[in-house]
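Two complexes come next, and they have one chain in common, chain A, joined by chain B in the first and chain C in the second.
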Partner chain A sequence: MKRLNKRGTDKIISVYWFVILFIVAAAIVYMAVVFYGEPYDVRETEANIMINQIADCISQGGEIKDGVINEEGKLELTNENILSKCHLDFNVEDFKDWKKQEQFYFEINFYKFNKDAPDGLGSKFVNDTIAGNMNLKEYCDKKGKNFPVCVERNFYVLVKENPYIIKIKSIVRKTEKNV
Partner chain B sequence: MFNNRKAQVGETVTWMVATIAIVVILVISVLIVSIGPFKNREFRESGTSDLLITKSFTGYLLTDDVWENVKDKKGFPRDPKVKLEQSNMDLAINIFPVLYSGNELNYIWLGIVDSTCKFGSGCVVSQIPFGERNKRNLVGKRFFYDNIKLNENSFIELVIKIKE
Partner chain C sequence: MKKRSSKKGNILTENVIFIVLNLVFLTILILFLFSKMGDVGTLEEKTAKQIALIIDSAKPGMEISLSIKDAVEKANKENWGGKIVFIEGNIITVQLKEGRGYSYSFFNDVELSKNYHYANEGNEYEFAVEAYKKGGAVESNEETE
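Coming up: the complex of A and B.
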């Protein structure tokens, strides 16, 4: 009688252990899925990388690179050739409608450096150079993770010993994979 | 018989308490993960270098006679009150705060530092009056640091800190 009782208790304890084991395993799996399932938003980093690539393409050692501005003072980088000259590729993976709608945009503005202006920006030196999906600009003043990420940076550079501020605005959409 | 029953009740209570403890710990962990800070994960670069700041810093040093003035101050007295040349100083005050939009900047420091001395305001040979050179400002995720050696004993340093 006693032996039978003990066997019954052992069985109940085994079932209990399996239930507990299952609950613990399920909770760990759930936590891992929640933790690793959420995407990292890397768009700001991507936008900064694009800005760095453009800045490197335009200037070196604090001065504008040869071939960026010609003898007549005109910008050699045009909307048509900037992607190839700066080794940028806006092709993206075939995901949702990304192929139809470009996911990147940037614009470069050259301003004369004006020490009296609070933002240091004087008159525009040359026309803007732009590339990518211009519509993305519309979302820059919107706040929220579902909108494209806009990053704007300035840097100081010398063009034939004259000081300029170059303003680069970079926008990355890719909302579906980052939010 | 009684003793046996007491022992059985005691054992059951122990198991129940243990089960409740396990369930409570799991529920708390799951709740923390579900509502915790992992939901909106932003990836930001770490490190203390920033290409655009370095480019601007180099551009600044190449402007007019800034580099000549900075480089030739070998005999600078060890006095923080001694400033860089006024024109160079004004230029720096105009350049560096505009690299980031105003509300993003937390701290800027630019000056010449005695490299033979340990960290502290006493090491400052000369500085732009943005603020004090303070170790407290060299912590955090978003500060950028650049320096250029001037001679064996000194270097020019730029620190820019962005609000986190």
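Coming up: the complex of A and C.
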């Protein structure tokens, strides 16, 4: 009788063993599908590279490049010519409605350096320069991977030996291919 | 005596079946994981995005050599004899099997060398960044000095 019970218990244990194995397998399959099924999200890297390219276009060795601000103190880079001057091409592949709405946006803000302000930002000294899809800007406050990725970086630059801060905000959408 | 030996044989058979089934189960699981890891679609996407990001951060005059050994091996496995990487305008497409491949755009407006080629027995993709496409660039401080 004792032996019979032991064999019965063994069978139940083996059934449970397969149930546990099945649950573990299902969890691993789920994780693999979730991990490998999702595309690689490179939007943050793209936004950072774009900021680097714009920064290289504006300044060199910590000084503003010739041709960015003219003798009258006005910005030579306009919303119309910034893309060609900084060698940017916002054309994208024909995917979903990407051709109808631009997938990139950036804006450049020039501030005077204020040593008393905690972030060093003083008043703006020239108008902002923007390019791309302006509507993307409104999603920057929202959190979630389905929204466009926003990256903002500041750097110091000398304009005729006076310090200024340039703030560049770059936004990349391309949600369908990165999320 | 006879009964005892038959019971022993029974227990052994059950255990062997149990172990074999476990092994089959685990093998299927591992094969599934490996199939997912080396998926053609994933590899096409990874390679296309990698090249697009490299071009985005490249400057004129740079020569770039990228190892695409995994992609070449996968294309050979899939019997794909066509081009693996092709660039049209600012869109890069990587194709490792029959179909449309995977396309991704880059925003750096550079002219790439027309004679990009595969080196090291086809395991490396080499190309050069020649110049920016459009003129009217902001002047470099060094050039004006």
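We adopt the following convention: the second predicted complex is superposed on the first by the 142 of 179 C-alpha atoms of A that agree within 3 Å, B and C clash if a C-alpha of one lies under 4 Å from a C-alpha of the other, contacts with A are read in each partner's own complex, and residues count from 1 in each chain.
Just so we're on the same page, a contact is a pair of C-beta atoms (placed from the backbone, for glycine too) under 8 Å apart; a residue touches a chain by one contact, two chains touch by 3 or more.
No experiment lies behind these values; they were computed from the predicted model shown.
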May I ask you to decide whether A:144 touches chain B, chain C, both, or neither, giving the answer as first, second, both or neither? neither
Determine, under the contact definition given at the top, whether A:84 touches first (chain B), second (chain C), both, or neither. second
What is the contact status of A:120 with respect to chain B (first) and chain C (second): first, second, both, or neither? first
According to the stated criteria, A:52 is in contact with first (chain B), second (chain C), both, or neither; which is it? both
Could you say whether A:27 touches chain B, chain C, both of them, or neither, answering first, second, both or neither? first
Mind working out whether A:14 is in touch with chain B, chain C, both or neither, as first, second, both or neither? second
Contacts of A:158 with chain B and chain C, given as first, second, both or neither: first
Taking the two structures together, which residues of chain A meet both chain B and chain C? 39-40, 42, 45, 52, 61, 63
For chain A, which residues are in contact with chain B within the complex? 16, 20, 23-24, 27, 30-31, 34-35, 38-42, 44-45, 48, 51-52, 55-56, 59, 61-63, 113, 115, 118-121, 145, 152-158, 163, 165
Residue set of chain B touching chain A in the complex reads 15, 19, 22-23, 26, 29-30, 33-34, 38-45, 51-53, 55-63, 90-91, 94-95, 98-102
Chain A - residues contacting chain C, complex: 14, 17-18, 21, 25, 28-29, 32-33, 36, 39-40, 42, 45-46, 49-50, 52-53, 57-58, 60-61, 63, 65-68, 76-77, 81, 83-93, 95, 104, 177
Interface with chain A, chain C side, in the complex: residues 18, 21-22, 25, 29, 32-33, 36-37, 39, 42, 45-46, 49, 52-53, 56-57, 89-91, 103-105, 107-110, 132-142, 144
